[in-house]
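In the two assemblies presented below, subunit A is common to both, partnered first by subunit B and then by subunit C.
Right, the complex of A and B next:
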């Protein structure tokens, strides 16, 4: 009994070793495959303006798509876009449907357990937005005003922390209701993510809504499958070069209306 | 997987829950008082009013009874500002819920009024009662008595339906439950507590209306 148990453990260790060897063998092949086929498959969003959406010409466009083109051109390979939703962008990487995920992906501990993250390539932030005519310079200026927010979203928690006590926080069920209430003038300000706000401002130019106060930064990273260290090094090299040359700032200005700022490595 | 229930996490938020209960009761009370008056008025108008009024009241009743409450609420809150009418979430909710109960009550009351025997009305007229007296003293009390069970059911339905007012940030009971569960991720416990509170409110409301109706409105 003892012996068979030890044998079993040995067999298990052997299998694990083989899997590790297999993974490291694969680690070489991801970048090799890209170089060999001269094609890189990058997962991008098509439902999340301004990071990724389908334009009037039915072609994907946005900050993430521009970033994907930048990576592909720096690597000197052809770009193949793989449209994903936020729910399946990590599975797309795990099942090798994509070599990289450039899909406004935020970093957290749960995700870091299953995939690796590059340096950050674009800012993503939650903020308070309001019409230009409303003077708001600091959190104290929110006093006595109504702010719409999506209940339970990250910005709800942040806003509750920083806002003065006499702010009327109006909590709505989802982003659409929050935005609808603001657009209809039912709330004076709205706290939401840059992506949602940008889309709202684009579609409602008559509101003259603008960025007022920053709630929280959670920048976007490029997702790489676990163990693809060669590909990761290459991607990080491209991001660093683009950051130093000002290309990341230009992308951010083009799609988000402000510079990329200090992105974490 | 074993689910560990932690009711303390939800019950410790009792001020939110209490405020929610107060709002649910307020919405229901206003709906019942004004909505029933509106219903009785509409029932009479639809039966006896001039053609134009009859048509208008009919259109209102059918519009409300054939669209979901949440759509009516969203129309008042999100739609009316386009026409320049900007209401606070609470005012919008009160208006929506009164209009909603008013339409259903109108049809329920009309059924009771139509069931009043003609002879009874003729007898009242022959006693030289004014039309107003005939309606409020001879027609309405027995009519309400006949349809009271249906009316009580409708009021309870409206109270439960007030739960959607949380969608436009009125802090009623389900809004409170939702807020609690999005803060501490105790969704199951929050909604168990909310369900039990709604159940208790419904039972109490039904008992109260069954007690109050015969005593205050139409006699035993």
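Right, the complex of A and C next:
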């Protein structure tokens, strides 16, 4: 019943070899795979209004989902949405769970080391928000206060850079937890995106929260796995065409209430 | 922005509850069967088998379930095998449950006095007969409480599958509360639904314990 030890090790090595062969066959062929299977897998957020959130039927909707459908329809393939959390966006790409990440992904040097970015497709900025009664004029004013932030999000890294050392940064697993903590008074300030903050302020007028300090202007880019240059060229072509035809502006107006503005290439 | 009424929230959570229940069932059944097989192998096998299974148990008891889920979802994908969130969650929870159950049950079997083994083998019972007629009836009674306690843990453990994007009760709660910005209402319902799932399991355990202990009092 038991395999001998040597046979077992050989079998293991064989299985590992087969898996690696399968993995290397994946490299550099994302576009071919998409064309062959007529399906594109796109990672989208489900907990980040207005970029990606659920409707009454629990189906995802939002700017990122519309952008994903736009890309899929321009490529003439079926769209398969892969819901991801903020921290899982890059692993999803690296492990081929998704061909593209359209999940309000900002660009920075650390991320550029592991994945490639397309042209920008939507505007986005992060800032620190707090009740109007809390006097905050500069970064130094944050001293000794508690700030909530979503772990692994852009604003986490930016805040860590600019905040004085005695700021208590509380990190939460998703934007909802971050906002919930701020609304519940567990943190005095919150560092988050304009989109999330707008929504939070509208739903909680009693907080009288307002914009305090700008963290970073960081538009959204589409993430592509490293080295997939053919797929990248195709995606960039679609973004440029959509930009020139005004489709990007229309998306931005529909979900963010303002034009896309001057997006970086 | 769309407004969720209370009924919309509850309705969607109830739909998601199906997945929590399904995931728990798969973990119970898959984990129970694997756990039982491992227990049998451990009792019947030699020292090497015992060590290997001991290692397996330590591996799953000594690492967080969250990591096991991540590894099952992203780790396997690195080898070019595409596992869905459902498969990864079911696999990780089954292995996790089997490791804990086999260890719990091993302890229960070990709690049966050695004299019972010796007496039954002196009656020329085979290993299977010893287990069937002497050891298991006594071990089962001891096993009920810890087994059910652990199963309730597993039900709540399925919440961790939300991190790999599997939409079960907790993930649905997060998604809805991110749209409605009513975390207290949404997570209040989520907690109630978990309770509604776990409480009957505990009640069953109480009933089973009473049934097996009863005649002795």
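The rule we apply is simple: the second predicted complex is superposed on the first by the 153 of 265 C-alpha atoms of A that agree within 3 Å, B and C clash if a C-alpha of one lies under 4 Å from a C-alpha of the other, contacts with A are read in each partner's own complex, and residues count from 1 in each chain.
One rule holds in what follows: a residue touches a chain if its C-beta (ideal position, glycine included) is under 8 Å from a C-beta of that chain, and two chains touch if they have at least 3 such contacts.
Nothing here was measured: the structure is a model prediction, and the numbers come from that model.
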item	value
Contacts of A:251 with subunit B and subunit C, given as first, second, both or neither	neither
Contacts of A:84 with subunit B and subunit C, given as first, second, both or neither	second
First (subunit B), second (subunit C), both or neither touched by A:58	second
Which superposed partner A:40 touches (first subunit B, second subunit C, both, neither)	neither
Contacts of A:115 with subunit B and subunit C, given as first, second, both or neither	neither
Which of subunit B and subunit C A:190 touches, first, second, both or neither	neither
First, second, both or neither for A:180, with subunit B first and subunit C second	both
Partner chain(s) touched by A:200 [first = subunit B, second = subunit C, both, neither]	second
Contact breadth on subunit A, by residue count: subunit C or subunit B	C
First, second, both or neither for A:242, with subunit B first and subunit C second	neither
Those residues of subunit A which subunit B touches in one complex and subunit C touches in the other	180
Partner subunit A, residues of subunit B touching it in the complex	77-78, 81-82, 86, 89, 166-169, 175, 178-179, 182-183
Complex contacts: residues of subunit A adjacent to subunit C	16, 19-26, 46-50, 53-56, 58, 82-85, 88, 91-92, 95-97, 174-176, 179-180, 183, 199-200, 203-204
Contact footprint of subunit A on subunit C as seen in their complex	1-2, 4, 8, 12, 15-16, 73-74, 77-82, 163-165, 167, 172, 174-179, 181, 183
Complex contact set, residues of subunit A against subunit B	148, 151-152, 156, 170-173, 177, 180-181, 184-186
